[in-house]
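In order of appearance the chains are A, B, C and D, and numbering begins at 1 in each one.
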């Protein structure tokens, strides 16, 4: 029955449980409506990842409904949930895992304020220290790309490779975020909406004041290395 | 006692339960305040629909309080709930069911952002892919019409017949949405508020970038035929 | 012990329970923060009203903590809750009850959007049908008045006497609403925030389209006489 | 085991419980996302304060996880929670306690609207009576300062010493608030976001109307001395 050996099966079970729970954070943080949005997580030690099924209620997202895929985005037949279709964004997640080996989690939402910046193809300028902490500068815009081939995944990878930001605003579409694991990518999804909202509102009230680049650098460096109870290594 | 035969009675009971539950989605998605808003659903196989009573608390919306009407909007006497007045928008719902045979559900709200566009008699431009997916282009505006005759129902039907959108912004009033069943119409009500909000906010920040028409067409086609666990056929 | 006779004591107990519960609606509808806002209700058949204590947590608003006052705003000594100070807006509520005999409930909040219009001393124009239904036209602005004498109460009474609206935006302060009973005044507080928000957002997106006066009149007339399960008579 | 004597240990236990609970108010009032924000409270009768650990989930904030520090911001070793790192803003809190002996609580958040004013380095003008009540005039802006030395604490103290406001908007960063105890500082954090939001929205709709200075003074005086069930003395 099991095809991956006991150690990998344990890892798969853990990622299934994490991914199911983390979708709850999208709801709690009001990043999604209806069945929109998706979280995926790489299975440590295997060329596999776990992702949400397509168009399913958030109330039905139990671990056994999550779908196991290989890095080409193909569903692993005979595993729990494999009778369902995976998220329609599965190809984009798979592309990221194939091309960014340090990425352990990917999140996509249409969260309101981040998507509003995306509808203008405009990067979010770095004018608050929380943004310097979390993203190390502006949150960049990715190309316009539609579902159906690798263009979304390629747009994410080309924009974020070598960039401090773990978030990209795909033009006319919405944010994709990456992280060292799924929880870290969810955090980035929460934070990109938070800074998108704050900077949007700040600018509707008048001219923004820039943060000096040296301060941005210093804040990013400290936050990545000192904040929290354990080091939260930057994805390079 | 029963006037419709056992098969129709089962169908009525199912629609009553659905309609009662679906009003909860209006609350959860913050589309309504106080007793505003209403959902109705056609009874499959009969010239009947079920709708919410007028001006009743959302906490009191049990299945037996829902009201059964014929397609002229007349309450079916002697059925549960028939001692109450149906929603004051019942005539508009009835008009839609009479003139759009493929419509199985109708929703009306005064959700904030959709109503804000309606107060300007302005269609929502299609600048985000979620909107192309769901509505296939702009969300149109319907005529100004007040309660008291068929003018609201006629405005909805004239605007949406032959249109990809399942949502219409009735001028100075608010959104009405249709769907293949009540749940599909509720989804459209949730999504029209979501895109109304995102596009409003996007435009307050600067010029919007349009999506090429060919991409809008391709997104709409894919979403209607591929997304989700079962085909979500476009109306008509 | 009881000073008002059994019939009035029953009425007092009912109003205490209503007022305690209705404060929950202010919280559920996000009209208040911390200990702000207050609801009062006239005791039918007596020159008395019940109001919230000053600066007390919303979680502590049990019926026995509500405070019974005469129409001069004086606490009735020896009754439950009379060891506490009543709301600092008690004098304004009392003034309204003294001068508007048909008013059975008064509500005051600093709800965000209504207060934003008040900070500009600007009436809310009637551009959505829900507003014509509920308020019969624009929501008016009252004078700037500060706590310490009868000027707030007088401003409310002078603005709302003979006016269709049950809500007034006191300049630089916030909304006060009246109703045939406390629940009706709470509904007006919910609705004035809802229309304040929708019309604010509508106008930030471009020019508003007016509703013809004849349609406003017709909507107001219908809503006051037809909507709901029982007639919701206009004040006076 | 205990190093402070029974009376101080009781005081520490009470402050631990308060601080753990008060973090819940930050969540309930939507002032924080993810693990952001922090509350601290001075231990009465000792040169100690209690603060939140760094980067820990709001769901994990039990009293025994709170961290006890001296007024230099050093963790008191061997006490509960001392195996964790305290909030990365601990040095700023400590600086305030050292230099403002009447301050019993400090709160820091990145609440949306207050941070939006901070991103423009703009004080919030006093145009609503709730703001005159609570802050006695405009909410001031503090200098741009980054974490790593005493510059944040010094900016808070220099801005708020001798000022009526218990809130300061640190430039490009967010609000810090002080109070006679932790609960009072949390109230100030709730109220500064509320007035930041209301005044922001008011101004996007058109010109604001100022409150006469004499009225501001009179409102502030009354609120500090009369409102509520017990005097809420102004700091210093």
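Methods note: contacts are C-beta pairs under 8 Å (C-beta built on N, C-alpha and C of every residue); 3 or more make two chains touch, one makes a residue touch a chain.
Being a predicted model, the structure only gives us computed values, none of them experimental.
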| query | If subunit C and subunit D share one sequence, what is the angle of the rotation that overlays their CA atoms, in steps of 5 degrees? | reply | 90
| field | Equivalent interface positions on subunit B and subunit C, same or different at half | value | different
| query | Which integer distance in Å separates the CA centroid of subunit A from that of subunit B? | reply | 32
| Distance between chain centroids, defined by C-alpha means - subunit B, subunit D (Å) | 46
| note | Residues in subunit A with touches to at least two other chains are numbered 204
| note | Per the touch rule above, subunit B residues touching subunit C in the complex are 33-36, 53-56, 84-85, 88, 110, 112-113, 115-122, 144, 146-148, 171-174, 200, 203-204
| Can you name the residues of subunit B that touch subunit A in the complex? | 29, 127-130, 187, 190-191, 194, 197-199, 201-202, 204-209, 211, 215, 218-219, 222, 226-229, 232
